[in-house]
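Paired with chain B in one complex and with chain C in the other, chain A is shared by the two complexes that follow.
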Partner chain A sequence: MRLLTHNFLQSNVKGTEKGYPLGIERGAELSVESSPVNRNLVLKMLNKVDYSALVSITNNLREERQEDIPELPPSLPETLEEETIANYHKVLFDVQLVNGFLVCPDTGRKFPVKDGIPNMILHEDEI
Partner chain B sequence: MSDQKNEKEDFEYVVLVEFAHKHLDFLLPELLSVLEMNGVIIQQHDKEEEKEEDIDDSKSYCHMLPLPNEERYHQETKAAPQRAFALLAFPSSWYHKGNSHAQLRPEKHTQPPEERQKDPEPSKEEKDKGSSSTKTIASFLSRCVLVRRVIELWGKPGTTIPEMAENTQQWIKDKTSLGATIYHEICHPPTQSWKLTIQTLGAKYTRQEHDDMRANFAFLDFPGKVQMKQPDHEFILIREMELDTQGNPLYPRHGQLQQEHDKSQHQTTIIPQHDQRLPLACYFGRVLWARDKNSMERYDLKNRVYLGPTSMDAELSFVMANLGQVQEDSVVLDPFVGTGSILVSCAIRGAYCVGTDIDIRVLRGKEENIYSNFQQFQLPRPELIRSDNAIYHRHFRTSEPWVDTIVTDPPYGIRAGARKSGSRLDQPRVIPEEHRHDHIPQTKPYCVADVMADLLDVAARALVMGGRMVYVIPSFAKDFNPDEDLPQHDCLTVIHLSFQPFTQDLGRRMVTMKKVHDYDPKMRETYLAKTWKNGPASAEKCANIREKLMEAAKLKPGYEEKSRVRKQKRKEHKEQKKKAKLEINKPQDGQKSEE
Partner chain C sequence: MTDWHPLRPLDDTTSTAWSTYNEEAEKRAKNIPCAAMPSLDHLKMKDFEEVYEPSDDTYLLLDGLQHEITTGTFSNSSSPLIAEIGCGTGVASVFLASQLFQQNQKHNKTDGMPMVIVTDINPKALQVAKATAAGNNAMIPFEAVQCDLVSALLPRLAQSVDALIFNPPYVPTPDDEVGSTGIEASWAGGEKGRRVVDRAIPKMAQILARPRGVAYMITVDDNEPEVLATLFRELGLQMKPLVRRRAHNEFLTLQKITWTKIDSSG
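== the complex of A and B ==
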């Protein structure tokens, strides 16, 4: 599961107002790939992401994997250098959550991620 | 740029599109979608003058010309509903946009990058749609899976071969026309090789007869040598006859006579009254692009690693990608991803793919899974999420539409029934906290009318404005009014509808919708309530076909017997499986599993 996907997912168990952004429980298994930078897609998706959620999850993951995950500017710069675009590509598409848990910020409900597939299905008493 | 604008476009560069004779109802929708995706709009011929003001500078325009003898064709009641040809007239300037003989080669050879004259540099507005500056007619039409050849037409089509030849001769001699220029380019330098292929749809002719047809074009007299394999230019003469839906001739040239004394011996004879019929049309031109017969084979389903009972066949999934205008960097969602067969085609077109499903077993697979299908073609992994379309808005942040195209084959219960989250009990049992982490959420059956209502609602929320959804829906050929019986949503409008017949009565429709209005979350209940215009009656027509097929099957003679045999087989299979399982478990918990 890429961080781009993380940016669009939310928890909405019964009684939750916002459920966003989801946390990633410490100790999760991450993989960081090096795919070729897709400039167009990065620019297109930067318009769609919730920027503060992207920065905060990146900072959280950097606590454990500082060497692999680039730091992002706290707010989206007006003009983007090629290097910055490459960093956004890395964070959005190359950092992948393989095994671990997504955590609802309001209720603490955990959504398991197994082999890269998050299971967002709610239990029958949460709908 | 201003020169371009002031010069009146002439629409003299005519291209003949030859389609494969199948999926007839899909031919034009696919063609139109691909043209539009490449910024080419088909302009109505007669409205040209009054629409002058609407002309958008960033788009190119072309005309669709009527095929010869349309009236005669429509009088044939048994003929296929659609001829496998289309005539498109482009402005002459398209010829100069790199439309040289370099394009004769198959699609893998890239064309020389030629800047489109209309937009010298990609503007900022283009950042989303991508620049179309290197596109040529052949390069984008070749994306249509159902297009077989793209032919530069040399002169007005004729009804007979001599008439066509006459038109060609005029075309290359007229110094004011594009024809003279093109002809000159093929003669200079004089070393360019060529060949002339003859295609007589639905009729066989002898070698001698072919030579006689060729003789009509002797005036071409190209200086280069004739070369059968990989010539610089391939010319083609097509003789079109009336075909039926299956692609068989309505008036076959040959009939079979059965010998009185030996029933196994057939003799073919020419049927004179058919042979003497005038062709529907004759076309002559230069082949700009031709589909390699094996081009689809590597994507064939039987060569896929991970398959399910409802995988979409490769050809149609590419058609779906085209109807959805999927291109480089499109974001594509399949909310019933299954084995991912439709997404594979979209990824091959360069899309970023996301698949969701409620069934964790298909998402994960066993030895093979969806990822294997992507790895097989060296495609980036799609994003997979287990989620429920009935509550999409609770899984996904909905403040920002983020999907360019939705392509999907929803479960209609024929081969795989749908499920949604929730308990079958009215009052679900509360799960104790200590069990929550490994609790398996319950799902309940999901009726097709609701599946569709939710799907349209997902599309209305997730799609960007102008984004498309393409889905398939089984339905009966008759007693179906698309305006009333298809599911509807205030934010979406149907733009293409194609019917693919399976049997005489049953088929499936491929529906292409476009998002035309912003989604208002407060309106959700209203949207959902308006899905079926005629209420349950409409839903019943499109959906629940499983039950109808079952009922029809029961009425067939011998059903009881067949069903008994099947039941018996299932029972045996189950018992065998049980036995095998016991065998494996024996050593571990010996006595317990004996019973």
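== the complex of A and C ==
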């Protein structure tokens, strides 16, 4: 799953206040594969992104994969240079969580990610 | 012609406008060319023991989406976020995304790449859907999330989805057949085939972009589509038959759901 999807997901476990943003447990298997930048898609999706959650997860992942993952500006710049757009593209679309766990920030509930598919199903007693 | 009004009583004499909509949808379905099914060459017969195999409802959904593309519903929507609830093999969202992508290329607009996010409660369906996306157009970002309806995306993604597709479990069954995570979940709809649909309607309203978001949902007449229309209406949405076709002993309809004009300022 892409970091864009990470930005969209939240935990709705019973007892959760906000359930957002989800953490990514250390040691998760990531893949970073370059793909062609699509400027329009990046701009369109940046509109839907929670920016501070994106920066915070990017910084966390950079602790382990600094060479692969670009640093993002702490706040969204008003004008975007091509290079900045390429960096957003890389973070949103090229960095993928393959196997690991997403973690609810309020309850600590872990959601497994297997072969790029997060399992967000809640058990009956969690709803 | 008097406009059909969802708050009118639902006996046959007063729902004549609804039957008119149905007749129009049947004519529309006759006049459109068959949509080309995305390739499912990557699947084996065995996969269909666990994942819903495309059938008449799927074909109607694809034909309806093709009609929407050719009549320009999406012509002003660049890089839309497409979501599908209960994606099964994923053919519907892969079809819509690929067609929009190709249409953009035809007009030399390389920059209108769509993005797809699908959900299903059945993990096997999500693996298959990802393979369908990769096998047909690997360029388009395609994301799969295992969850109930769109629960893991709300409220975070409220009012964000530009095109929403839902081919629900609409078959009337005993209520206790609803709620598995296997292939039964793809069709078992409980009483009137409505157990899942009724739960989905408020979520669909919540996640759909305003004012231009558009949703497509399959119904059969046993679901009492007129009642579904009133449920949508209460949330500011209009539901209208788009294409309609008889399949064996049931009438399938693809319903198109849009924000009503009154609420479109939001």
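We take it that the second predicted complex is superposed on the first by the 127 of 127 C-alpha atoms of A that agree within 3 Å, B and C clash if a C-alpha of one lies under 4 Å from a C-alpha of the other, contacts with A are read in each partner's own complex, and residues count from 1 in each chain.
Just so it is clear, a residue touches a chain if its C-beta (ideal position, glycine included) is under 8 Å from a C-beta of that chain, and two chains touch if they have at least 3 such contacts.
Worth saying up front: this structure is predicted, and the values here are computed from it rather than measured.
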* Is A:1 touching the first partner chain B, the second partner chain C, both, or neither of them? -> both
* In the overlay, answer first, second, both or neither for which of chain B and chain C A:62 touches. => neither
* Touching partner for A:125 - first (chain B), second (chain C), both, neither -> first
* State whether A:110 touches chain B only (first), chain C only (second), both chains, or neither. => first
* Structure fact -> In chain A, both chain B and chain C touch residues 1-2, 4-5, 8-10, 12, 20, 35, 38, 40-41, 43-45, 48, 50, 115-122
* chain B touches which residues of chain A in the complex? -> 1-2, 4-5, 7-10, 12, 20, 35, 38, 40-41, 43-45, 48, 50, 109-110, 112, 114-125, 127
* Structure fact -> Counting only contacts in the complex, chain C reaches chain A at residues 78-81, 110-115, 117, 121, 123, 126-127, 130, 139, 141, 143-148, 151-157, 160, 181
* If you look only at chain A, which of its residues touch chain C in the complex? -> 1-2, 4-5, 8-12, 20, 35-36, 38-41, 43-45, 48, 50, 93, 115-122
* Touching chain A in the complex: which residues of chain B? -> 127-128, 130, 328-329, 331, 352, 354, 358, 360, 363-364, 380-381, 383-388, 391, 393-397, 399-400, 402, 421-423, 428-431, 436-437, 439, 441-442
